[in-house]
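Structures follow.
Both complexes shown next keep subunit A, but they swap its partner, so subunit B is in the first and subunit C is in the second.
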Partner chain A sequence: MAEAMGFYTDTTVCIGCKACEVACKEWNQLPAANGGVRELSGNSYDNTRRLDGIHWRHVKFVEQFSADRRDGRWLMMSDVCKHCVQAGCLEVCPTGAIIRTEFDTVVIQSNVCNGCRDCIAACPFGVIEINPASGTAQKCTLCYDRLQHGLEPACAKACPTDSIQFGPIRELRERAQARMQQLHARGEARAYLYGADPTFLGGLNAFYLLVDKPEAYGLPSHPKLPTRNLAFSALWSTLGAVVLGLFGLFSLRTRGDVVEPDETSSGTVDERERHV
Partner chain B sequence: MLQWHYKAADPPGDCRSDPWFTYQLGKRLKKRYAASTLPRDQGFNNLLWDYEPEQPPSIPGEPDVLKILKEINGYETATSRHLSGFSELKDDGSTTCASWIYSGVFPAPDKNLAARKEPDPPGVMGAHLNWGWAWPANRRVLYNRASADLQGQPWSERKKWVWWDGQRWVGYDVPDFALTKAPDAPGEPDGIGLAALSGRQPFIMRPDGVGWLFAPSGLQDGPFPTHYEPAETPVQNPLYRQQNSPVLKHWQRDDNRLVAVGDPRYPYVITTYRLTEHYLAGAMSRWNPWLTELMPELFIELSPELAQEKGIANLDWVKVSTPRGIIKAKALVTRRLRPFTIAGKRVHQVGMPWHWGWQGVVTGDVVNELTAMVGDPNVSIHEGKAFVCNVERA
Partner chain C sequence: MSDTFFTTAPHWRWLIVLYFFIGGIAGGSFFLAALLNLFGRPQDRPIVRTGYYVALLGAVVSGILLTVDLERPERFWHMLIQSERGLPMFKYWSPMSVGAWGLLLFSGLALLATLGALHEAGQMRWRLLRPLHAGVLGNLIAVLGGLCGFFLAGYTGALLSVTNRPLWADTTWLGLLFLLSGASTAAALLMLLGLLRGARTRETVYWLARMDRGTLILELLALIILTVSLGPVLRTWMNVWGLVLLVGVVLAGILIPLSLEWRPRLLGRLSLPAGAVLVLLGGFLLRVVVILSSEGV
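Showing the complex of A and B:
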């Protein structure tokens, strides 16, 4: 495998222009919701609302102003598929449509996906949805087609402030660490990295520099994988199987006890059917 | 800054480029007036319009854009030699140039400097002189001799840009000064143009060679910057008695009436602005579904305090009025807007983007029906950034 590639998104320099959203749609030829005719969401400048099958980038706008306005900031964050190293969607996909690429990114192959929606429930970040145009589950591919030709993803290319940076994860983590330390030195003690730690779902190949707790951005503090239930489920399944098996054995033994005398005394057809 | 752009693809179907239209229009006009002997038509007959490509273009009728660039750059009329810059221009017809400020962008047939895309290396201080081409003379900061002190040394090491090295002006940028005029060189008392200026006068396009804080001529509203209230405002000018600019342009018509200061019928300050998702009045961007889904409806931003006073909830329809017009928009209640306290009085501000109209994938009311035709005295830019209105729940 080539080196792991991904996104580092520095939310402190995002200006909320949504160029990433438009560039993504243009490159991936994703349709606009309802032909572009929507109602105003009333939630700051966010009319995209959420990531789904036709919105693979979503700029979130978080307004934090105290009642007297002494404290105030307008947080912006371009959300995207995290391309988890331990990916919930990949774990549950029954058709093998979801693959890990040579760039360590997670891609759904639309021609293999059967639209079963298991991955939608499995993703701890709510990234995946059905694209109504294809009827299959879709999400950010980290521009797999562009990467194969040595191009950076369309969103990172379009980002005017380099809030979205693309590159080898190892380099991006170093860059993000340096940026975090720079912010700390300037007095922004709240700056931290979200998902850059390998203990976090094995590390996110799209990680973030944030300045508030994950929930403020609508991100989970402790994202969970479907396989967390695997050991217990397996145990219960085994136990269940054993119990069932024993039950069967006991039933058969009981039947043998009852049936044998019946057969010698040539019981009626009705009686025999009852034991089949 | 001139930056050369290459086409990504040939236009589809019957679509044609702007140069195609301009070139073909010129050719047709020249043809129409070719037989005319009327003096008024001689402009067409004398117009030089030779942009025909040497090789047949991929789209029939396209001009050779490099020939256009050559004419903009300037050339020696007799030999067709490209000029290296505006200092070569003559006023006797021996040179031809479409625009002196761009002279030097195309100094040789194989040197289209606007097409350069070579940035300075990261971490190395520089002016990126090999990226595109800036007018005039590829200079990136005008009057840059002012980046050095009177002795010609940088004001600070961190901000050094252009300086005197003992022999000549050097630095990261193209010096905007006579290259070998020393900082201590006196001006010639009877000198013409730059010769009259000393080595200490960096503002070479000004008659006295210095920057002006006091501007007795040139501006309609000099000599000093000051504070005037906008043409419409809820408050008296707190600085002095002159309320607003005595020379502002106001087109006095019945449909362009202004609100008097403190008129209780229009108590709120309103400002208008753009969003990144739309372009100008939206005539182009309102047809692009990728943009309209991002900003689908006209809205008015107002503070929770004002919303409460007026009984307006988020996303309610709101009626916004001025003496010029009445429009409707959806309320976007946000703490980003806040009430001001001005001279002890609470003043509310509202804000509206102005990208909507009656046609497109999405439509909405025209915010400029609220604004007044009031122009600034120098360039007549209209005052849509601050005026007053009333806001009611619709």
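Showing the complex of A and C:
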């Protein structure tokens, strides 16, 4: 396997130009939303709004203003599939359409996916959606086709501020640590790395430098694998089946002959059975 | 806030609601029919056969619903066969993968049991079918089918729990709840079908009513445990869905049928069928609430 590759996104230098979104759309030939008819969000300058089957990159505009709007700040974050080291989507996919590549990235094979949508519910970040053009679940491939030819992903190539950096995960982590320390030294004590270590999901191959809590960016603070619930779900169901089976056996063994009830009978089913 | 609120809904809507409901009835019917087949009396045979017919019909409808719900229905077989290698596709840790195989196996067993039942009823006279309802093979089909029925009724809840969606992934009790609901709705449907057959099946119908009563009590307990287990996520149900759950599922689908069981004088001869219809309604609404309330987040 080649070295693990990924993205390090420094949100403090993102200017919200959305060049990454455009480059992603262009390279991956993703269709326009709403059939190309312009549709404004109405509550933000961000009209993409979220990641889905035809938006594999999304620059979030987090608008934090006081009630009188005297004080405020914009947080920009170019969001993308996290290419989790332990990926929930890959875990549950029943067709084997979702694979881990030689670059340790997670890719959905469109020719295998049958659109069951289990991966959509399993992704802890809400990244995956159906692409209506293909009828399959789709998301960022980390430009697998470009990687195979030694090129960097289109979004990282297009980013004018190097907010999106691409490279070997090991190098990216070192770079991110240095940047975080630099910010701390300059007084931005809120800066921290999200997903750079294996604290959750074994680590994210697309990790972030953030300056607010994850929820402010629409990220879960402790994303988990969907299979965490499997053992107990199976256990309770099995116990229920055993209890039900035993109850069925018991009730069959103890039932008596039926006494035909008359119209005015007030007896329960049990009372309508005459035990022999 | 639970981390599950940062996810996207998979758009599992009415087709899946119907599948969960019908699949539960199919699984429950086979289980009840198998119990009666193995431990019942000769007079239970008509309901045994009916249970197998319901199981097969439910399995076929389930397969159709699941296939139609896919974005690419022509690729339904990718659930079972690796499309690029031709090898079996199976992940024991993925409820959907196990469920696809479970439904296939269940359908096969329901078909065998139905063929045996048709032979027993004199509808098919091919002698080779006789072992399907008598002897070791018949018993084996009943045992395996009953186990698969349990699985089919319960795995749908586990499937929801093995996601990252609000409500579904915030509890591990959905599998048990759906399993019990599958059994209670199946008992209710078989009771109704038994009542249509008249006095011949009366004894079996009373046993089904007793079975239904016990299952409904267990279902109510499971629902209470599930509700408590949700913790702060319970707010997902603090709206019209909570009302439907309370009125449609708990009151109409569990408490009133139980009352009709205990006090049949309330509706006279209509008590059993009315209770059974309400149980079916409650079972359906349970799936509606569980699935659509999370879809709406």
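We adopt the following convention: the second predicted complex is superposed on the first by the 229 of 276 C-alpha atoms of A that agree within 3 Å, B and C clash if a C-alpha of one lies under 4 Å from a C-alpha of the other, contacts with A are read in each partner's own complex, and residues count from 1 in each chain.
Note that in this section a contact is a pair of C-beta atoms (placed from the backbone, for glycine too) under 8 Å apart; a residue touches a chain by one contact, two chains touch by 3 or more.
Since the structure is predicted, the reported quantities are computational estimates derived from the model, not experimental observations.
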Ask   = Between subunit B and subunit C, which makes contact with more of the residues in subunit A?
value = C
Contacts of A:Pro223 with subunit B and subunit C, given as first, second, both or neither = second
Ask   = Does subunit B (first) or subunit C (second) touch A:Cys113, or do both, or does neither?
value = second
Request  = Would you check which partner chain A:Ser233 touches, where first means subunit B only, second means subunit C only, and both and neither mean what they say?
outcome  = second
Task = With the two complexes superposed on chain A, say which partner A:Gly126 touches: subunit B (first), subunit C (second), both, or neither.
result = second
Task = Go through the superposed model and pick first if A:Asp104 touches only subunit B, second if only subunit C, both, or neither.
result = neither
Ask   = Is A:Cys17 touching the first partner subunit B, the second partner subunit C, both, or neither of them?
value = first
Inquiry  = Under the stated touch criterion, which partner chain does A:Ala33 make contact with: subunit B (first), subunit C (second), both, or neither?
reply    = first
Inquiry  = If we count contacts the way the header does, which residues on subunit B are in touch with subunit A in the complex?
reply    = 275-277, 288-297, 299, 314-315, 330, 332-336, 338, 361-362
Ask   = Given the complex with subunit C, which residues does subunit A contribute to the contact?
value = 50, 52, 88, 91-97, 111-118, 120-130, 135-137, 215, 218-224, 226-227, 229-230, 232-234, 236-237, 239-241, 243-245, 247-249, 251-253, 255, 257-258, 260-261, 263-270, 272-273
Inquiry  = Could you list, by residue number, the parts of subunit C that touch subunit A in their complex?
reply    = 1, 3-4, 6-12, 31-32, 35-36, 39-40, 70-73, 75-76, 78-79, 82-84, 89, 91, 93-97, 100, 146, 150, 154-155, 157-159, 161-165, 168-169, 171-176, 179-180, 183, 199, 202-203, 206-207, 209-211, 213-215, 218, 222, 261-265, 268-269
Request  = Report the residues of subunit A in contact with subunit B in the complex, numbered from low to high.
outcome  = 15-19, 21-22, 25-26, 31-40, 42, 44-45, 47-48, 63, 65, 67, 69, 72, 74
